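Chain nomenclature is as follows: A, B and C, assigned in order of appearance, with residue numbering initiated at 1 for each chain independently.
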Amino acid sequence: MASQSNSMSIAAPEVAATAANSAPTQNTRPSRPPRPNYRHIHRFPLPLSVHPLPPLIPHNPISIVSVLLSYLTYLISPPRHEVHSAYFDPDTSSVHVTDPKAIRALWEMGFFGKGSLSRSEPSWLEREKKRRGLLGGVTSEEVTRQRRTERRELKLERARMEKLAIEQRLKAEAAARETGDASAGDTSAEQPLLSSADGVTNDPLPTEKFSLRKAREAKMLESQRSVVQAEEKSTPNSTGQMSPSGGKTVRFSPVVQAKEFAPDSTVLHVTESVGDEHGAEDEPLLNNEEHLQLSNEEAFFLVYGLGALQVYDDKLNAPLSVPSLLSLFCQHSRFPPCHPSSDLDLDDPFMISYVVYHHFRSLGWVVRSGVKFGVDYLLYNRGPVFSHAEFAVVVIPSFEHPYWSATEERRAHCASKQARSWWWLHCVNRVQAQVKKSLVVCYVDVPQPTSGDIQALSGDIGTLLARYKVREMLIRRWVPNRTRD
Amino acid sequence: MADTDEAAIHLPSQDSAAHNDIDLSDETQDFRMLNHLSFLSDSSATLPKRGEKDFEPNPTLYQADILDASRQAMHNALAHPRLHNTKNIVVGIYAPDGPAPPRSSAPSKSLDTIAEGDAESRPAQTATDTEEPQFKKPAGMGVHLDSCVYVSNPKGQFFKNMGRADRWNRVWLLPEEALYLLERGSLDIRWPTSATGCDDEGDSEDSGIPMSLQAAYACFIGRGGLSVDRYSVYTGLKRLGYTLIRAPGWYGEADETTEDSQNKRQGPGLAGIYGRFMNWLYSSNTTAVGPVAGLGIHRSYNDIYHKLSIIPWHDPTAPQDQPPQTEPPFRVVLHVYKPSTPFRKSAPPTPDFRIAVVNARTQTTMPTMAQLGTLLDSTPLDPPKGEKMQRQLYMRLRNGYRNVVLAVVDQGVVSYLRIADAAFGKEKIYERGAPTGNKKGGGPRPKFTKPKGR
Amino acid sequence: MATEPILPIPISYIAGNYYLFSIDAVTYLRREHHICGVLIGTLPQIPQQNVFLSLPLELMPEEARLLVEKGVACIVDEVKVQNQGMKAFMEEDRKQYLQDLEAQGLQAARLQAGRKEQQREKTLKKLEEKKAAKAKASEEPAPAVSEAPKDEPLLEVFADSQPPSHSPSTSRRTSTTVTAENALKITPATARPPLPAEPSPDQLMPLPQVPSSYPLFAHLHSEGYFLSPGLRFGCQYMAYPGDPLRFHSHFLVVSAEWDEELDLMDIIAGGRLGTGVKKGFLIGGAETEQDVRTFSVEWAGM
């Protein structure tokens, strides 16, 4: 649902506009806009254009002619290769794309990068428009925020109810103590005795538990009451008829709404004050403050793998060569970045993570950051709009070659790079289980350095990459209770 | 958009088997749930639903009383003794020095047999010269050398898949078997007269003194390779009805020879040659500084992906150059059979699961690729099979081509991890075409005709 | 309920781990010192499950160390105790011990028989009541609740580590005849008795070796938390605000060295894990020997 409203307006602006016109107020639910045609929008898996040959049918001379003809046309006027531009930002250690056309192309064809002000797809402008009431609907960010606020409220309510119950019980116990031993024994000891005798099975310890559901019900009741009161005041004669619609109006009663939005108002204030300077009439002139942010792996893949991007240095106004881009990314794979002069380390974090990125991309996966789930990558089949990522990948280097264990120093170095604690593995695995993903540990075997590696920076990156090797292990909890037959 | 991945958390699971994680034994349960059970009606004993717990302590008497009741219930449950009815008691005699013939028969022979089965001189080297590594049999006894308890009246179901009989019809138990049976109240183990300071007379070794649980732990844990971690795994699975036997790796030997590696040794096969040919065909000479996809006109996305595949990946089906040299603790030590698998202890079938046991306190880091890789290579090829796997990409990947179970033991708490050699490289998903576009399923979709670029 | 164990409680050291076999010690340490350990044995009453386990109780080295430092317990080399103890076990000891066991077994048999009878009576009574109820439909149902707790005294006979009193008068139902040959055989949980309760000095072991997370463990324990091994849940310790029997854990605890470099990704994963199960992810460590500091991480979404 979130994704729908999120990218809806970009895919079909006219639909969004009509939705905005027909549903200008918050109190009427905007009709759900039709789902954009993702299969059409994202029909190209990579930001490269392909020109298939017409089918060749050997016994049909016309087909041969048409094939030759297509060759000829490409020869005479080769189709232009689209190369997008971006620049490297050393502060965020990432690559920025500001050209709207490039942003759309990189997002739609292969889901590269993320909006600098959005969770994923660059959607800040749309959100901002919606927020200012220019468009209808709610963005996924707002839905999430609302859901969280609601939950927080409910939790507070539950805590209050629990506290109240404890106080009441303490009072009762104290009172029982005062009224004398005989009766005290009756009231305070009887109940536990009963519950201990019956076990927990048939008596789930009544008053001490509060579920969120109960809190929600209580709140519903409360707000319903206030609605009733409000309606009684305003329309005293309609009291008899309001009950059937009562359930629905509760959600939008002024009481609940005021509560729900209260904590957010402070957050929104900052941006609002900025918006106020422009005034409502300036809103169509809203500037897009957002750019597309590419991770260094994504950028290098687009440059080196596909040739669909060129990256500019933020100082020099010329695109960086592929070897110098690699060198730059390697420097920035550590914190603080290392000196530009240092040689390429084969176990440089960028090299290792790029090998994995390239590997999964070359198999057709859409590879995106998994930082939100505590992993290195998420693997999407075709793309995030089509399906959830089933696989979450963590990358761990491996040093199998004897070179790495030749000296004590190297052994210690490799051990520190490989060492991952058990609790970490179990932790990450549990997180993936919570979000219904499968954990993949992707080991990258780092080759031994050779004299040719220095040249890699100016020379053959492909040969270097081909000396790494990946091995994926799928790890998941084994629950013996469930594999018995 | 990535947030839809978050939203997925709240959806009912489509694929519950893969992700469902609720396990009652994860947490301490309230022993009051046991209260309605008594030791007389253990046949009808079933487990009640999990009880509710409080969030935090509060000063009410009410809460204190419930806690007291819970503790009392736990105390009562654990104080319950292991009782044996005289009619169906099974008695075992502890043999501290390992298998030996009965005293009454051939007193002269007993000495050298005992020497052969001496507890200290038994590690791997004795095993290497026996033909059948799975069961190290000393000559004449036909029982396992690590056995240390014998039962003269083997009654009951347990001996179907435990113990080995010698020619005097005594069943010899391994330390884990003996301890497990004692613990569950199914075996009364007696101290041998020789281990006590009591008068030694008559033919019987039985001193009549029952071995306590405490003494049994002291005697059996640490014996014949039985660490408490291995024992915890053994009993944990036995309690669920699994059958377990020691794997050759228990003694540091190679696991059963993996037939598949021999079958495939002839070479890459037709498919492999074709693959190499295709790789050669598609290999571009632009990999040095890119673009790897090439500079010319792209005929199809498949071509581009072909060219992009320059990172070597491990193929678990490829023949291995040499038998894998596993290193402890990343070595299969237990073979596990499902309760439903027909099991004959004289001829154990192929195990359903292979388990390596790791102590999380001594081996504090997760295994390296070399450790885990050789562990997996030591298991036979177990590729995704069946119609369902054929259809479902994610299922195939989750199944993998080889698999092993790691039991990571942290101070008595065992957590099991299934490790599979996934081989993503074998699934070229770009060839599969577009998914149908709904967000619910997990990948498995019928093939579509590829959406060709225009 | 339980009898107080004699202090210091001997903790059995067997093949690198620490165990308790006496239920009185287990109950006492849980109640008085908030030490829970992990039950690893099969519960003989219901042996085919892993939800409720039984003795022995495995203690983390941290727990064993804490108890020794408090002077509540000592570590004994159990293998040595058993070997030496049994070698020193003489014929008269044996006779005495077997006699005691037989008395206990007799007692158990009587109780069992008595209980059987009681149950039979109960069913008979119920049948009668049913008949009566059929006759008089308005009559109140049988007070079944009051009968339930009668299980407990039966179990409690074995709760004492002391051998039960030999006099047959303690048996509540003398009507059932139990002869010596029907006496139940008993596999005792602990080896003391018959072995001497006090370990000899040469059987004592040094302080347990503990991991570097010990200061954090000791700190949280001193703050009133109950701690248990946490690996299965993705951390080092689970910290409970009260007895885990009755409370859910509040924190997933991970220890770090004070100047250790932490991977931010690990913190994200930890925070997510904790928040996902409504717990805090707690990282802590010792700044100096005495000063342990703890930080709670909560995943706040994005």
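The criterion applied here is as follows: a contact is a pair of C-beta atoms (placed from the backbone, for glycine too) under 8 Å apart; a residue touches a chain by one contact, two chains touch by 3 or more.
The UniProt protein names, listed by chain, are A = tRNA-splicing endonuclease subunit Sen2; B = Putative tRNA splicing endonuclease subunit; C = tRNA-splicing endonuclease subunit Sen34.
Only a predicted model underlies this, so the values are computations on that prediction, with no experimental measurement involved.
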{"item": "Interface ranked first by C-beta contact pairs", "value": "A-B"}
{"item": "Chain closest to the middle, measuring from C-alpha centroids that were averaged per chain", "value": "B"}
{"item": "Chain A-chain C separation of Cα centroids, rounded to whole Å", "value": "45"}
{"item": "Distance between the centres, which are taken as Cα means, of chain B and chain A, whole angstrom", "value": "36"}
{"item": "Where chain B and chain C are represented by their mean Cα positions, the distance between them in whole Å", "value": "27"}
{"item": "Residues within chain A bordering two or more other chains", "value": "119, 144, 197, 372-373, 422, 424, 426, 429-430, 434, 481"}
{"item": "Residues of chain B whose C-beta touches two or more other chains", "value": "6, 25, 30, 33-36, 54-55, 63, 66, 70, 72, 236, 240-241, 360, 408, 410, 415"}
{"item": "Multi-chain contact sites of chain C, meaning residues that touch two or more partners", "value": "50, 148, 230-233, 301"}
{"item": "Residue numbers on chain B that touch chain C, as the complex places them", "value": "6, 24-31, 33-40, 42, 45, 47, 53-57, 63, 66-67, 70-72, 74-86, 89, 180, 182-186, 188-189, 191, 195-199, 207-215, 217-219, 221-222, 227-228, 232, 235-236, 239-241, 360-361, 408, 410-415"}
{"item": "For the chain A and chain B complex, residues of the former touching the latter", "value": "1-3, 6-7, 38-39, 43-46, 48-53, 74, 78-79, 81, 114, 119-121, 140-141, 144, 162, 166, 169-170, 173, 188-189, 191-193, 195-197, 199-201, 204-205, 208-209, 303-308, 321-323, 355, 358-365, 368, 372-373, 378, 381-382, 384-391, 396, 398-400, 418-422, 424-426, 429-430, 433-438, 440, 443, 445, 459-463, 465-466, 468-485"}
{"item": "In the complex with chain C, residue positions of chain A that touch it", "value": "119, 144, 148, 194, 197-198, 371-376, 422-424, 426-431, 434, 481"}
{"item": "Chain B to chain A touching residues, read off their complex", "value": "1-9, 13, 15, 17-21, 23, 25, 30, 32-36, 48-49, 51-52, 54-55, 58-63, 65-66, 68-70, 72-73, 236-237, 240-242, 286-295, 297-301, 303-305, 308-314, 338-340, 352-353, 360, 364-366, 368-370, 372-373, 376, 393-394, 397-398, 400, 405, 408, 410, 415-425, 427-432, 434-435, 437, 439, 441-443, 451-453"}
{"item": "In the complex with chain B, residue positions of chain C that touch it", "value": "1-2, 12, 14-17, 19, 21, 23, 26-27, 30-31, 36-52, 54-56, 58, 60-61, 78-79, 81-83, 86-91, 93-94, 97-98, 101, 104-105, 108, 112, 115-116, 119, 148, 151-152, 154-156, 158-159, 181-192, 194, 211, 228-233, 241-248, 250, 301"}
